[in-house]
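Some structures are shown below for you to check.
What follows is chain A paired twice: with chain B in the first complex and chain C in the second.
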Partner chain A sequence: MWLTRPLQERSTQIFLGVLFAAVVLVTFLHLFMPQDSALHVSAFTVTLLGKYLCYALLAVAVDLVWGYLGILSLGHGAFFALGGYAMGMYLMRQIGDRGVYGDPILPDFMVFLNWQELPWFWHGFDMAWFAFIMVLLAPGLLALVFGFLAFRSRVTGVYLSIITQALTFALMLAFFRNEMGFGGNNGLTDFKDILGFNLRTDATRLGLFIATGIALAIGYVICRGIVTSKLGRVSVACRDAEARTRFLGYRVERVQLFVFVVSAMLAGVAGALYVPQVGIINPSEFSPLFSIEIVVWVALGGRATLYGAVIGAILVNYAKTVFTGIMPDAWLFALGGLFVLVTVFLPKGIAGLLQKRRKASQDDDTPTAQEATV
Partner chain B sequence: MSLFQELTDREHVFEFLTQVQSPVDVRHGPILYLEDVNVSFDGFKAINNLNLTIDDGELRCIIGPNGAGKTTMMDIITGKTRPDTGSVWFGSRHNLLTMNEPDIASLGIGRKFQKPTVFEALTVFENLELAMATDKRVFPTLTAIMKAEYRDRIDEVLEMIGLESLRDRLAGILSHGQKQWLEIGMLLMQKPRLLLVDEPVAGMTEQEMERTAELLTSLAGKQSVVVVEHDMGFVRSIARKVTVLHQGSVLAEGSMDQVSNDPEVIKVYLGEEA
Partner chain C sequence: MSICRSLTLLLIALFSLLSLPATAQEDDPGKALLINLAEAPASKVEEAVNAIVSSGDERARGWLEAYGNNRLSRVKDTGQVVLVLNNRGRDWEIADPLTGENMGEMSRRELDRVAINNRIRGQLEGILAMLDLNAKDPDVREASAQDMMGKVDASLVEPLEAQLAKEEDAAVRNRIEEALAIYRVGEGNLEAVDVLAGSLHPRARAALNEAVRGDNEALAQRAAKALESIEQKLQLNRAAETLYFGLSLGSVLVLAAIGLAITFGVMGVINMAHGELIMLGAYTTWGMQQLFPGQPGLALILSIPAGFMVAATAGIIIERSVIQYLKGRPLETLLATFGISLILQQLVRTVISPQNRTVVTPDWMSGSLVINDALSLTLNRLYVLAFALIVFAGLMLIMRKTRLGLEVRAVTQNRAMARSMGIRATRVDIMTFALGSGVAGLAGVALSQLTNVGPNLGQNYIIDSFMVVVFGGVGNLWGTLIAGLSLGTINQLLEPWAGAVLAKIIVLVFIILFIQKRPKGLFPQKGRAAEG
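Let's turn to the complex of A and B:
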């Protein structure tokens, strides 16, 4: 089975082990350390870490298409935001009559805009199962239609990147409009509870953090399963020599479409878990800048490694949290500088550094035994 | 009337249903048949009334000066270029002009490009694995497992192309000649009926050339092989039958000795060397 194959693999075991240990440690420190202890992890930090894990899942999704398929998507924020909106709509419907205007059906912003009834696309989002399916379906469908058109016309490289950028920009402008029915530039917020649990309680926050950790683990295994399968090798072949792959009899556009859709769905899940933790979703998640930032995380962490994407996403966002706390204005300069430094000194990112170090230690153990056979 | 009968006959199997799946029909001898093919690019006639027949199991060399239309001819056979007029048949059943590139590839026509393109980020073994004739659709590829028979087939080809010792090395580190052999190996994995080989020895050393000649002659008989080559010494060492192309059509055809004594050929092509 392609999904269980990565579980027998050393690198995946290490990744899952580290992730599991980290989640357990944070949970333990949050629950059992006294409030005034230096080791206590506050609910605020738990949510912050949960947010990082969402970004990590998003980065894994981007690395899958960029690292292994060679499609530099500068619009993955769109899929992330769509998943987020699907979750946001569910959370809005859960508010019920506890909103400011107390309307049992209509969310606050609709009452404010004098809407008389729920738009058709808001129906069904009061049911969790429907909303959770839409979390996968909305980004998946967009990726399917977009990818079908783009890959069928053999649009690749820079042109594809620009189109993905345009896609997310167009969606941002659309979602900014009040008439779209997604809350305009205020987005969706003021959430009360999820699946009956109050979102303001520490226990729910911890639960969301753990759920995100599980989602990241599953997403990682799915991606790893794809890249270690024969399809993964075909993806790499498409990345490096597309015409050649086509001559071998593979339908390159279908391989691209499949991987792209899987990646978009993972991004959607990341967005859906992100929204209840940060408490808001608005069109700024569609901004082209955010999508470019995701690519920077992956590049920093190391392309085509998957775990590198996770490291990159967490490190950059931690740095962002720290930096924007100290010197908010300097953050973008720091990010740009970091990007330049890594491209110059660590072309394969942080993961490349780790690989180099491991290889060096291996070479010490078995001096050039492999070279001798050549 | 006959169309009506076809439509009412319950047992009738329409041609379009069987075309792709059915095996190549070579009962009449030729495996590849080009007739009156014409292609022009912006008024320039790249292929001009080309007629060419390749028999099953034959090793054929095609020579000709630059711009003679050799590569365009390959493009037509593999479906990359559509001719303006003419017909191209694979066996006597498959009309290649109605098929696209992947279909033609899966039918059993393998092409080796001038510049070796192997997947450098994959190992030699993986390169051969991807080239294997199996179900190439997305989901079967995702769930594919490496069966023992596949492994045997790959090892067999590795031995034929002489790269057993480099099995698990990245293809990117191979020398130029080794890449060429790997690419021929990738073609063999597809169990092709017809191999189109474009300039296999360009940039090779003498030794590598010799091994390539051995490899190609050992393939003939089992497969039909069409070699396009500039190097006359190499052509002389492998060719049984040579076709000379000039300005998009066949100038001469026959054994190497016949062809090299043909005054027309000497004038347009070999004359340059003498």
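Let's turn to the complex of A and C:
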């Protein structure tokens, strides 16, 4: 079974072990340490860490297409945001008549805009199972249509990057419009509860954090399963020599499409877990800057390693939290500098440094970032 | 005693000398005219006004304007007529209507407003326009004739006709004829309809519309026909206006993208900091205007070379410090230059200000070129359009006719072969990148005249620029020009029924779909160079 194979790998075992230990440790410190203890992890920190884990899952999704398929997507923020919006719509419907205007059906912003009835695409989102399916389906469908058109006409490399960027830019403009029915500028916010649990309680926050950890573990295993399968090898072949793979008789565009859609769905799940923890989803998640930031997390961590993406995402976002707290002006300098330094001096990322250390015992067949260069 | 008397006499003589100007005023016919107006009973006011008009006095306009605005008053004690400059508060500032001399302030209780009735006030506008019809400047005459459209009444017909007879300027004649025709259509004159059929002025249309609704059937029919022809002309003009705005937007896109067409299209370097180079050009314009306060025109012209140099220098620094190490790794180049764009933006925010800066538009660039009543072209957009074409032509010349252009093309087609022919490829790289960056700076100088100059200026254009280059076909300057102009026009065509944002989205989606169909753009490169 392709999904169980990674579980026998040493690297996956280590990754899952570390992740499990971290989640258990945070849970323990949150629940059993007294409030005034220095070791106590506050609910705020738990949510913050949950956010990092969402980003980590998103970075893994990007690494899957960039590292193993050679497609630099500058639009993965769009899939993330679509998943987030699907979740946001479910949470909106859960508010019911507890909104400011007290309308039992319509969310506040629709009442505010004088809408009389729910738009058709909002139907069904009062049911959790439907919303959770849409979390996968909405980004998956967009990726399927977009990927089908792009890969069929063999748009690759820089062109694809620029087009994905245009895609997320167009979606951002669209979601900014009030007429779209997604809350316009302000997005969706003011959520009350999820699956009957109040979002403001610490227990729910901890639950979401643990759920994110589990999602990351599953996402990682899925990606690992894909890259170690035969499909994964073909996809690496597409990355390194697309034309040659095609001449060997593989249907390159199908491989690309499959991996791209899986990656988009993972990004959607990350977005869906992100929204209840952050408490808001608005069109700025579609901004090209966010999408390109994700790529830098992956680049810093080390491309085509998957665990590197997780490290990069957590490191960069931790740095962002610290920087924006201490000196907000310097953050963009730091981020910009990171872009330059990583690409020029650290092409293999942090994972590359780690690999150099333990070169001897390398049973990992992961190609290094240098070979992965497109 | 006698000394005393003679002194008194002398003083009197002196006084009379001093009051000489006063005697001159006594003789001023204007004074009599004004007093006549002030003292006229309601039935004679019209006569008094006409007397002022027919006097041909140059100051008459000011007097009548003041009269219409209730600013003509009489000093109760002396009976002198004065202009009220400021009627706020208790003491009013007054001036002599004859000399224009400021007479200081006077309590409003001592002043008596020269009464005006509504009938006269209604006519006054036409009368003032009549006065302007005699002005020396044909532009003033034309403007006043235009003002008169729809305001002509029976009393003005005769003077207007007289005016028409002596008027020599064709444009002014036209206006007067139209003004008269509007009145005559109202009176049921059939020939007048034909005069209006050629006019695009909204008043002419209003008059014809009224005629269509009226009871005079022959007139209504003729007016309807005339309206139809006007409507056709209007549509043509509206189309021309949309086209103009489209081309203008397109020229902005071309300017923003043409530098990219060099660095990305010809060199194959993805420069995500291109937008920030545009921003630097715009800030250079702002900086030059700070250096030359009060001379925005000179500063703007000097900004053209300065903006080029600043952006080109920045480009060289970027090329030397980062891009040269990432040769052949386009995706990494993309990321690194994106990082540079973030740094540049934040640099401007920190060093200058996060707020937008105002760049002054020089006088010769503001205003608009009036083609006809329905169509006027804003001058700054016209200049930018011309500038874009000049920059394009210049680049075309450099690429086609100079040694540098030849070397650039050689290096991009076959680097190794070009080097073995003795071309210093590294130098060519630097020069090409500097050229592309400098053109971005030029775009910034032009954009500073159209949009806000702020740290986000470049960001707004980067995606559009890439779209233009990719749509036009990478490595093809003509493609960039045509793609830019056509995308701008498409955007403007969609805007009326889709709204600005939706139009933009539609254009983006259109390009995304278009690239799927033709991945190499409108004008793909052919031959071996295409495979590189």
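Basically, the second predicted complex is superposed on the first by the 359 of 374 C-alpha atoms of A that agree within 3 Å, B and C clash if a C-alpha of one lies under 4 Å from a C-alpha of the other, contacts with A are read in each partner's own complex, and residues count from 1 in each chain.
The rule we apply is simple: a residue touches a chain if its C-beta (ideal position, glycine included) is under 8 Å from a C-beta of that chain, and two chains touch if they have at least 3 such contacts.
It should be emphasised that the depicted structure is a prediction, and the values quoted were computed from it without experimental measurement.
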Partner chain(s) touched by A:Val262 [first = chain B, second = chain C, both, neither]: neither
Contacts of A:Ser229 with chain B and chain C, given as first, second, both or neither: first
Which superposed partner A:Leu338 touches (first chain B, second chain C, both, neither): second
First, second, both or neither for A:Ala56, with chain B first and chain C second: neither
Partner chain in contact with A:Trp2 - chain B first, chain C second, else both or neither: first
Broader residue contact with chain A after superposition on the shared chain, chain B or chain C: C
Touched partner set for A:Leu248, first chain B, second chain C, both or neither: first
Chain B versus chain C as contact partner of A:Ile163, first or second or both or neither: second
Touching both chain B and chain C, residues of chain A: 373-374
Complex contact set, residues of chain A against chain C: 72, 146, 149-150, 152-155, 157-159, 161-163, 165-167, 169-170, 173-174, 176-177, 288, 292, 295-296, 299, 329, 332-333, 335-340, 342-344, 347, 373-374
For the chain B and chain A complex, residues of the former touching the latter: 78, 101-102, 105-106, 111, 113, 117-122, 126, 129-131, 136-138, 141-144, 165-166, 169, 186, 190
Complex interface listing, chain C residues touching chain A: 270, 322, 325-326, 329-336, 338-343, 345-347, 349-350, 463, 466-467, 470, 501-502, 504-505, 508-509, 511-513, 515-517, 519
Parts of chain A lying in touch with chain B, wherever the complex brings them together: 1-2, 226, 229-231, 233-234, 236-237, 239-241, 243-251, 254-255, 258, 373-374
